[in-house]
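First, the structure itself, so that you have it in front of you.
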Amino acid sequence: MLRPLHDGVLVRRVEEESVTSSGLVLPDTAKEKSQIGEVLAVGEGLFTKDGSRRCPMRVNVGDRVLLPKYGGVDVKIDGETLVMFKESDVLALCQ
Amino acid sequence: MLRPLHDGVLVRRVEEESVTSSGLVLPDTAKEKSQIGEVLAVGEGLFTKDGSRRCPMRVNVGDRVLLPKYGGVDVKIDGETLVMFKESDVLALCQ
Amino acid sequence: MLRPLHDGVLVRRVEEESVTSSGLVLPDTAKEKSQIGEVLAVGEGLFTKDGSRRCPMRVNVGDRVLLPKYGGVDVKIDGETLVMFKESDVLALCQ
Amino acid sequence: MLRPLHDGVLVRRVEEESVTSSGLVLPDTAKEKSQIGEVLAVGEGLFTKDGSRRCPMRVNVGDRVLLPKYGGVDVKIDGETLVMFKESDVLALCQ
Amino acid sequence: MLRPLHDGVLVRRVEEESVTSSGLVLPDTAKEKSQIGEVLAVGEGLFTKDGSRRCPMRVNVGDRVLLPKYGGVDVKIDGETLVMFKESDVLALCQ
Amino acid sequence: MLRPLHDGVLVRRVEEESVTSSGLVLPDTAKEKSQIGEVLAVGEGLFTKDGSRRCPMRVNVGDRVLLPKYGGVDVKIDGETLVMFKESDVLALCQ
Amino acid sequence: MLRPLHDGVLVRRVEEESVTSSGLVLPDTAKEKSQIGEVLAVGEGLFTKDGSRRCPMRVNVGDRVLLPKYGGVDVKIDGETLVMFKESDVLALCQ
């Protein structure tokens, strides 16, 4: 499995419309990439420059997250395209 | 519901003209987006790099805020377009 | 009323020529925006990253300030265009 | 042998498809460079500015790593092209 | 009078050639702006981010300073064009 | 002789192919500059901003180093072209 | 005389070829500016942001220094063109 480094977050884009208990999160058009992702793996968090202290991750495996429209790095695993984001680029948790 | 990460602020643009007790805040032209938003959700605030201390948010749910003309990330929820801003990009509170 | 966040300064551009006790501050040409503004509201000042300490504002409500030629964000209130600047972009106080 | 400085990571791109125990990591097209690399050597890690403390490396010799699509510096050794990355640019470990 | 904020320096460009006791400082061509300025007012100096400590100014009222060719903000006072620079952009004192 | 300042490293590009005990480091094409350099002189290392502590150099006189393809400043000494790099731009030691 | 501020270094470009005891430093072509300069004056060094501590200069009056090909600010004094550099841009001492 991929284990992200630093504050990396590995997500699978969720194409279906229904996302949160309180509402539907819709892609702007059918052709755009979904901005909702399911978190598959997270890094251990960024360390301070001297390696002595670590900033814990706010995003956990299993979370549904709101992603920015652009950015991230595509990775193809088992024929499926996943995406790597930095936690600092993830916009929100969907709850 | 969407729970913003970091210093994120989720807002709904307020299209009506009347905003503050002391005055009207008007869009420049009818075609421009409103620069006034109603805050629907806020993040927990930015943490210092070692994760030990948190800078509290100045913007709270329910606040009306003055937004910059550009920037922010549109999110479509239940057919309505909301916007995510960083608190550091929010210009003012409308009181 | 608008209450600026962070180190925001809300100003009304002063179109008349006479500004200081010691001299006239003139716009370069009649068509240019005035670089003199009257301060209507100020933010509480920038906080350190952990939110523990605040840098007080040097600019106060009622001050006349020298503004850079470019920058700032226009806001239309009651039909009048005001401008938001960051204090760090304000050049000088007119006294 | 090359001994990377700072947080350098020397990798050999792995062309075969099978990478992790749980899945195949595939290049997007046959013509693209593999994003998987085998770590041949690592630096000692970045030092704080006064040289007193060192941030240990998270990536070790023998690790398989996920690389960004762009970046890195090609080095030709014994007719083989290897690549140097900074650890901060390495995306994930493949386990 | 204008009282610069932060590390601002208000200068009047000195058009005559003779500047220092040890030599003439000449503009490159007659058409270029003089790079020598007389300091009319200075700010109180930059503060640290928490507002607790202030870095004193090295440039004082009455100093003649060497200015960079570009930069600065023109201000017209009593029909005369003065210039605002940041102290960090001022190159040297003329003594 | 030239004594580099800060974290400067003065190198002579090594044109021959054989570099390390374990392998040949080859230029990509005959026309490209060699990426291997012999270190002729090094600076004393960067100081912290208050000048009180110094970060020791990792690169020493006599080392063979792997250089980035671009960057560095050419200097002609006795008809020979040498190059100045910052240590932070040197990629690896050849051992 | 000009007294540089901050970490400024005032230099006179040295056109003759012979520079160091161990070798000639030559301009690349006769048309290029010399990269060797004689130091005429130096600033007091950069201060930390709170003004409390100063980083001493490594370059002194009378030193011959290696300059980058680009950068610096020309100043004409007594009909002679001198150049101002920041010490952090000076590459090496010629000894």
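Think of it as A, B, C, D, E, F and G in the order they're written, each chain with its own count starting at 1.
Going forward, contacts are C-beta pairs under 8 Å (C-beta built on N, C-alpha and C of every residue); 3 or more make two chains touch, one makes a residue touch a chain.
Everything numeric in this text was worked out from a predicted model, so none of it was measured.
Within the contact network of the assembly, the step distance from subunit A to subunit E comes to 3.
Per-chain Cα centroids separate subunit D from subunit F by 22 Å.
One simple way to say how far apart two chains are is to compare their mean CA positions; for subunit A and subunit C this gives 40 Å.
Multi-chain contact residues of subunit E, defined as those touching 2 or more other chains: 48.
Taken in ring order from subunit B, whose neighbour in the chosen direction is subunit C, the chains follow as B, C, E, G, F, D, A. Subunit G makes touch with subunit F in their complex at residues 20-28, 35, 45-46, 48, 53-56, 58-59, 66, 68-69, 87-88, 90-95. Considering their complex, residues 1-6, 8, 10, 41, 43-44, 47-52, 73-79, 84 of subunit G touch subunit E.
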